[in-house]
Structure formats: C-alpha cells, structure tokens
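One structure follows; several queries about it will come next.
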Amino acid sequence: MADTPRVTIWNEYRHEKSDEKVAEIYPEGIHGALGAMLENSGFKVRAATLDEPEHGLSEEVLGSTDVLLWWGHVAHDEVSEETVERVRERVLGGMGLIVLHSGHFSKIFKTLMGTTCDLKWRLNDTERLWVVAPGHPIAEGLGEYLELEEEMFGEPFDVPRPDELVFVSWFGGGEVFRSGLCYRRGRGRIFYFRPGHEENPSYHNPDVQLVIRNAVRWAAPTPGAPPVYGNTEPIE
Amino acid sequence: MADTPRVTIWNEYRHEKSDEKVAEIYPEGIHGALGAMLENSGFKVRAATLDEPEHGLSEEVLGSTDVLLWWGHVAHDEVSEETVERVRERVLGGMGLIVLHSGHFSKIFKTLMGTTCDLKWRLNDTERLWVVAPGHPIAEGLGEYLELEEEMFGEPFDVPRPDELVFVSWFGGGEVFRSGLCYRRGRGRIFYFRPGHEENPSYHNPDVQLVIRNAVRWAAPTPGAPPVYGNTEPIE
Amino acid sequence: MADTPRVTIWNEYRHEKSDEKVAEIYPEGIHGALGAMLENSGFKVRAATLDEPEHGLSEEVLGSTDVLLWWGHVAHDEVSEETVERVRERVLGGMGLIVLHSGHFSKIFKTLMGTTCDLKWRLNDTERLWVVAPGHPIAEGLGEYLELEEEMFGEPFDVPRPDELVFVSWFGGGEVFRSGLCYRRGRGRIFYFRPGHEENPSYHNPDVQLVIRNAVRWAAPTPGAPPVYGNTEPIE
Amino acid sequence: MADTPRVTIWNEYRHEKSDEKVAEIYPEGIHGALGAMLENSGFKVRAATLDEPEHGLSEEVLGSTDVLLWWGHVAHDEVSEETVERVRERVLGGMGLIVLHSGHFSKIFKTLMGTTCDLKWRLNDTERLWVVAPGHPIAEGLGEYLELEEEMFGEPFDVPRPDELVFVSWFGGGEVFRSGLCYRRGRGRIFYFRPGHEENPSYHNPDVQLVIRNAVRWAAPTPGAPPVYGNTEPIE
C-alpha cells in the first residue's frame, strides 16, 4: 500500500452555493471540510466538483488517486456517462471508493451495485450507528456507537449483500438501516457510509471524521499486476 | 426434500412449571404452543424436554427429525455433552436447527458457532423486527416489520458473520440487533430467531408463527449422499 | 412459491443456424433442447430468441415468467438496452435468472454484477465440476462431481463475491474456475452456471440437466409485496 | 495496529525429531524455518512447541502475541483443553490465528469453526494455488498462481462458508480445494492456508513465505475496547 493514500474528494457542490443554511455549516463546501480534516491527518488531498470540466475527474486526476470520496444529491443526472465509466474502470482496477450519504443514488454507486439502491428517508431524526463488527479496521478507535442528528434512511436498502457489515443505524422514528457497508468490486474496495445530510453538521463530528479516516486507509489499493484475461494456453 | 418435514421441538420446560406468569402464557409449555401451531399447519411434530431421559433426544428421535427447534434459558448447563454432540452430528449431517431467543447461549449453538454468542439484554421493551432481505423465503408473507413487546437483545452479538441476514431489530430503548440469521454448517441449515422471552406471549403472535413455519420449511434437509473424506486415489 | 415455475429460455440462436456442427448437436436450438428437458420434468416452458421482436421478451412475456434462462455468445451487443433494462427490473422484482456459459458477458449479467465479468478461456478441455456446498438445493441428487468435455474458463473471474459458491471446476489444462455462483439482487435470485459451449453436447448431459432443473426451482420467486421506498412518516 | 506484529509460531515438532527426511528439510524444525523467515522480514518472533510446559502457550506468551501460527499433525489430541480454550479466548479477543496445512484437524481450528473440518487427501501431487481474489492483501505481490509439489487436499472441505476466499487449488490428480480462507471470529482474524506437508519443502518456497508474511500483517489485531455485554439500561 502507498504509505500515504492520495485522496480525491468529489463533491456536487450545489447546496453550499444555493442554500444559506448549508453554506453556514460548510462555508468551504463539504469537500472543503472533509479535505481540511484529511489533510490535518496527513493525507494528500485534492477536491473535484461537478461544475469543473470533466467534473474534475480527468484521466490524470483519477490516475493519481488512491481513494475517491463521493458526495452528491440533487444533480446525480448531470454527471456524464463518460465520467461514470472512467471512475468505474479505476475502481475495478483498484482505486478505493467511499460513497457518502445521498451518494447511494449516484450513477457510479448504482452502476457498481447493479440494484436500485433505493431506501426510505425523512428529515430531522436521531441516528445511532452501532458497531456490529468490533475489530473491523473501519471501526478502530470508536466507542460502541456514534450518535447524530440526521436525516433518516430506512430499510429495505436495495443493495447487494455486503461483503462486510460494519454499522447498523437506529433511528428515533422507529427504523433501522445498514449504514456502513463494505464491498470489493474487481480489485477495488468500496465503502458506503450513511451520514452526511447537508443541513446537519455531521462531517464536523469527530467520530464521523474518524470513520472516514479509517475508511480511507482501508480502501487504499493493494498493489499488484492486473489480472490476465482472454484466450490462454494450457499450463503444462 | 421430504414433503412434510418432521419437526422436533426441544424445550427446557422449567419456567412454565415454576413461574405462574409464564404458565398462564404457555399452559402446555412453549413446546406445546409451538407444537399445536405447527401441527395445525400440517407438520409432523414431536416434543422433547430437558428432564426426559437423554433430554428426549435419543439417536432414534434425532434420526427421524428433519428440523429441530431449540428453546432453553436457565438450564443450559444441564444439557449433557453427549446430547450436544449427538445433535451437532445430526446438524452437520443435514438436520435443520432453529435456535430461539435465549438459545443463543445454549451449548449446541455456541458449539456450532465457535464464538461466545454474547449480547446485551434488558426486560420490557418494544421490538420492531425489520425485514432486510425482502424475497427471502423466511420472510414470505410478512409485511415490512413485526412488532412485539419483548426482552431487548442488543449488539454486538458475538456470532460469525451470517450467510444471510433476514431481520434487524429496533428497540425502544435505543439498541439494534441482528435478529434473524442464517448459517449452513456441514449439510445442515441453522436459523437463529431472536423473539420468545418466556414472560411475553410472542409465540402466540401470528407473524412470529409465520416466521417459524417459513423457517422450518427453509431448514428442512436437502437429501443426498454423505460427503466422501479421507485418503483417495487420483481420478485418472 | 408458484407450484410450477413458468420458465422462459432465452437463446441467441445464431450458432445453430450458421454452424453445421452446432446444428447437429442442437437441431432444435439450445433453447429447444433445454425446453424439451424442462417440459418433460413438468415445468411450463417458453422460448424467446434474439431475432424476434423485442428479442421475444415483451412486458407480457416477462410478466408471466418466474425464471428466465439466458444463453448468448456472439451477439451480446445486439440485445437492446430497453430489453436489458426490462429484464433487470423484473429480476430486481423477483424473477429468477439463470445465466449460462458465455452469458457471463451478456449485458444483463454485467449490468447486474457491476463488474467486467471477464475470465480466461480455451477450447477443448476436460472439466470436472466439484460440489463444494454439499446440501445445497442446486446440488441435490448429484454425485461428488460432474465431468464434461468443454471449453475451459479460468480464474480470475471478475464477479462480485457470490452469496453462495456451489461448484468449483478443475480443468485438464491446469486451471480452476468458480463455476456455480448464487446471487440475490433485489428480490430476485441469480445463478451463474458455467457449462454449455455450443460445440459440446453439455445440455444433453443428465447431470447438467439435473443442475438446471434444481436451479430453476431454487430461483423461483418468493411472493410478497414490493418494498416501500421514499419519504415516510415516523412509526409512532 | 501495532507497527510490528509480535508473532508466535506454534509447532507440534514431532516429525522433525523422528523422521530423517523431515529433519533434512527442516533441521531447525518447521517453527525454526518460519521463524527465521519472519525475523528476516522484521517481525518479532517466538516459537512454542507441544512438549513444552503448557505447550509453550502460557497466559503470558499469548498475552504478548499479536498473531499465532499453528502447525500440527500427528498429535492434535495431546494438546490440552485448557490450552485450546486459552487460545480461543485470545482469538475472540483479537489475536490473529494462521492455521497451516494439517492444522485443519487441530482442536483450536475445529473449535472455532464448529464443523468437522474434514477433507480428502493423498501424498505426492502437483498443487497450483490460483489467486481468486486479486487485490486481496494476502495475495499482494504474487503472480496469478503458486505452484508446489505437495500433499493433495480435496473438496468437500467441511468448514463454514469463509468470509473471504483468496486461493483455490488445482491438483494434478483431478481435485480442487479452497486453500486460502479468511474468517473473523469475535475480534480476531483467522486465515487457513493449505500448503505445508512436512515431507515437502514448501515453507522454503518464496511465494509461500510471501503469503505467510502478508497473512501475518492482515491478521494483526485492530486495537479497541472490548465489547460490552450483559444487562444494560436504556440509552435515553
């Protein structure tokens, strides 16, 4: 593993420019808040946003990214198919991908999962994310649970069975949700992490930040030659 | 699969004899209530209890059992090692096993899981069991969730990662629990189902009964020759 | 489950019309051979082929199909996006899908998996498919392994980790392959089964036929209301 | 994670003392060969053997061990129940465990798995271990497969479905075997790795050594407070 994963934070970056309340919580954008936090922890960090050329995700940027974070919500449809395909190829080739909150409906996540990724939702609830996999590296350093004021996401969550289930959320309104899910697709590791509604300051929460740092380390690629496919000769 | 699975309900059968409140809920014992329900659904049913010779689980009884239900709580230690080993061998050979509620601490479940099977608990809470695997045969015919007044069981639940996770419970006091878990061990299928505290009438609940009927069908053995082990010749 | 699953066999149906050798093996087409076998076992069977309108997979046909078999090879690209999406929605809604041999590269399988589904291959080898999940319903009635003269497919097979691994193949040329894989996506069950190169008579092999019959029964939908998604009120 | 995992290599250490052929291959014992290799790679290494008091696995030794390797074959029964239980508790508490070759029948592995762990076997075959999980940290730096002259182990391997399947072996005599299996039990990681028959010099093979070094790093504990179990108050 590269000693210091190179992180690119992709943010739709619309709410922060159009909604005063969100701008107060994230004056530098969600990518700004996450980026500063990760830089302070020693990661090499870049940001990329929807309205940049190629949405900021050129071959060059992706080619030098070890782990990509993805936050999107109102403009999933504006992400080009070309970019989605470019990201998908990089993930299958080994790049880590951390999908945050409303990113469950992003093209890249739906494409990698193959399902609708649909769920229930409701604003303004209490969320308690329980660690159901004590000893998992993404839960390192946490207590038994994280507690947040958040948007509710409820089951059923239409995703493939995860390779590992790290968090299960309890919500005050009566729902549960599998809120920390690990997948491997191709050589790449994918982590879906539920919190992060734009009107709640969840990315300033130290426990949420710790999970994201742990997830970046977990998702960093394992180096190795690409697999060999196609027509082959017998071995002996 | 045998058209009509032959079910044996194993019940510790102590609370019902020593506690008036429990006796009112289950006048014929927990095995009596579950047995009547399963018989009414067309299953062939027998009961076996702790205080019978060999705990009611002789070679003959086990040899003619397709699916075994297990309810125990205060007297796990009184179950003999011989009986545990006999049940374990039958499960590995194909017999289904449905472990109910406090059976999480039974010798047979701990032996098959290899872990402590420990958890948190508290009396008198509201439980809502959400179906997180819509389309799973054990959830057939259910709505989105079951609701019960029950004992709380909370995470972490120290069991191996299940092969399939069917239910996740929400509790009013703030906890979550993986409350419907599928495992295969050897040729046998195992289902752990959380509800059934002796002071709550959960086994009279129609949704709980439906889950148990579904689970019996799911756990019934798939016939086939036993695997071949040991020293073998090359195939060609 | 419907007592008698309604099966639709989708076949590309090109090799049989253009290649004499294949036509000799499958004079009525691969769909014809599989269809006769399934009908003889009591299933309700229809066929659908690439060159029919809507590739034979109209809303009406899919709406009355419990399990869809898929065989394609040289013309994956000719299957319309509309048809792929229609099939995908039905699978997520509960229809079973059995993907055969070169169908690993079909649009529908790749879309549901999210990965490249790439692999190694070579003609004319000996394949031995070992049952690694004794007791699984798809292996019911089989011996320890199936043996065939077949095209080789070799690892790595770029698919998500299966929910269940039923067969692992040994090839005379030195390769192995995960050749019987179970997935659930949405409410639907998916089984990938490796054998079936058009130049080998594998679908006339009784063991292969048994696996396909078992898989049809396993993949048949579990009835139930569709999941509820979207904005919801608190429960209490 | 501790920067440098502290490794204890447990070896039965009988063949090397009673069989000249084995003594030639491993003059310092299997533990000696593995220990020197791991020390040269910077790990802190100790050895423990069957005939030492407490089989060399006192509370003190286990308490200062991050990852335990286990090689045993002819004397599984001589390992005391007390030692097995002590090791099991440490694994559930977070210590990594790497079980080698005939260790599939060790008390500690069978206890943690809950199954018979039985398999087929035969001496003197060619084994080719294919990487089926490219990108997994245990396969880092390997080519597509490892090749060895070894004892054959064949399916079915009666173990629980692994959390991750890293290697599948091909054998010249016609068998396959799931030969690199990852499990989590409690907080601890377990890796079963097939090669290592005492009459073959497999632990001198650079690829086998690489796998073992990778596995030690993978299995090292993730620090954290132990889970809280038992009777608890509502959270709010």
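In this document, chain identifiers A, B, C and D correspond to the written order of the chains, with residue numbering beginning at 1 in each.
In this text, contacts are C-beta pairs under 8 Å (C-beta built on N, C-alpha and C of every residue); 3 or more make two chains touch, one makes a residue touch a chain.
These numbers come from a predicted model, not from an experiment.
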Pair joined by more contacting C-beta pairs (B-D or A-B): B-D
Furthest chain, CA centroid comparison against subunit C: D
Separation of subunit B from subunit D, taking each centre as the mean of its C-alpha atoms, in whole Å: 32
Euclidean distance of C-alpha centroids - subunit A vs subunit B, Å: 37
Per-residue overlap in subunit B, given as positions that touch at least 2 other chains: 128, 134, 144, 154, 156, 161, 163-164, 174-175, 184, 186, 227-228, 235
Sites on subunit D touched by subunit B in the complex: 88, 92, 111-116, 118-122, 125, 154, 156, 158, 160-161, 163, 172-175, 183-186, 227-236
In the complex with subunit D, residue positions of subunit A that touch it: 1, 94, 128, 133-137, 139-144, 163-164, 184, 186-189, 221-228, 235
Contacting residues of subunit D [partner subunit C, same complex]: 128, 130-134, 144, 154-157, 161, 164-165, 168-171, 174-176, 178
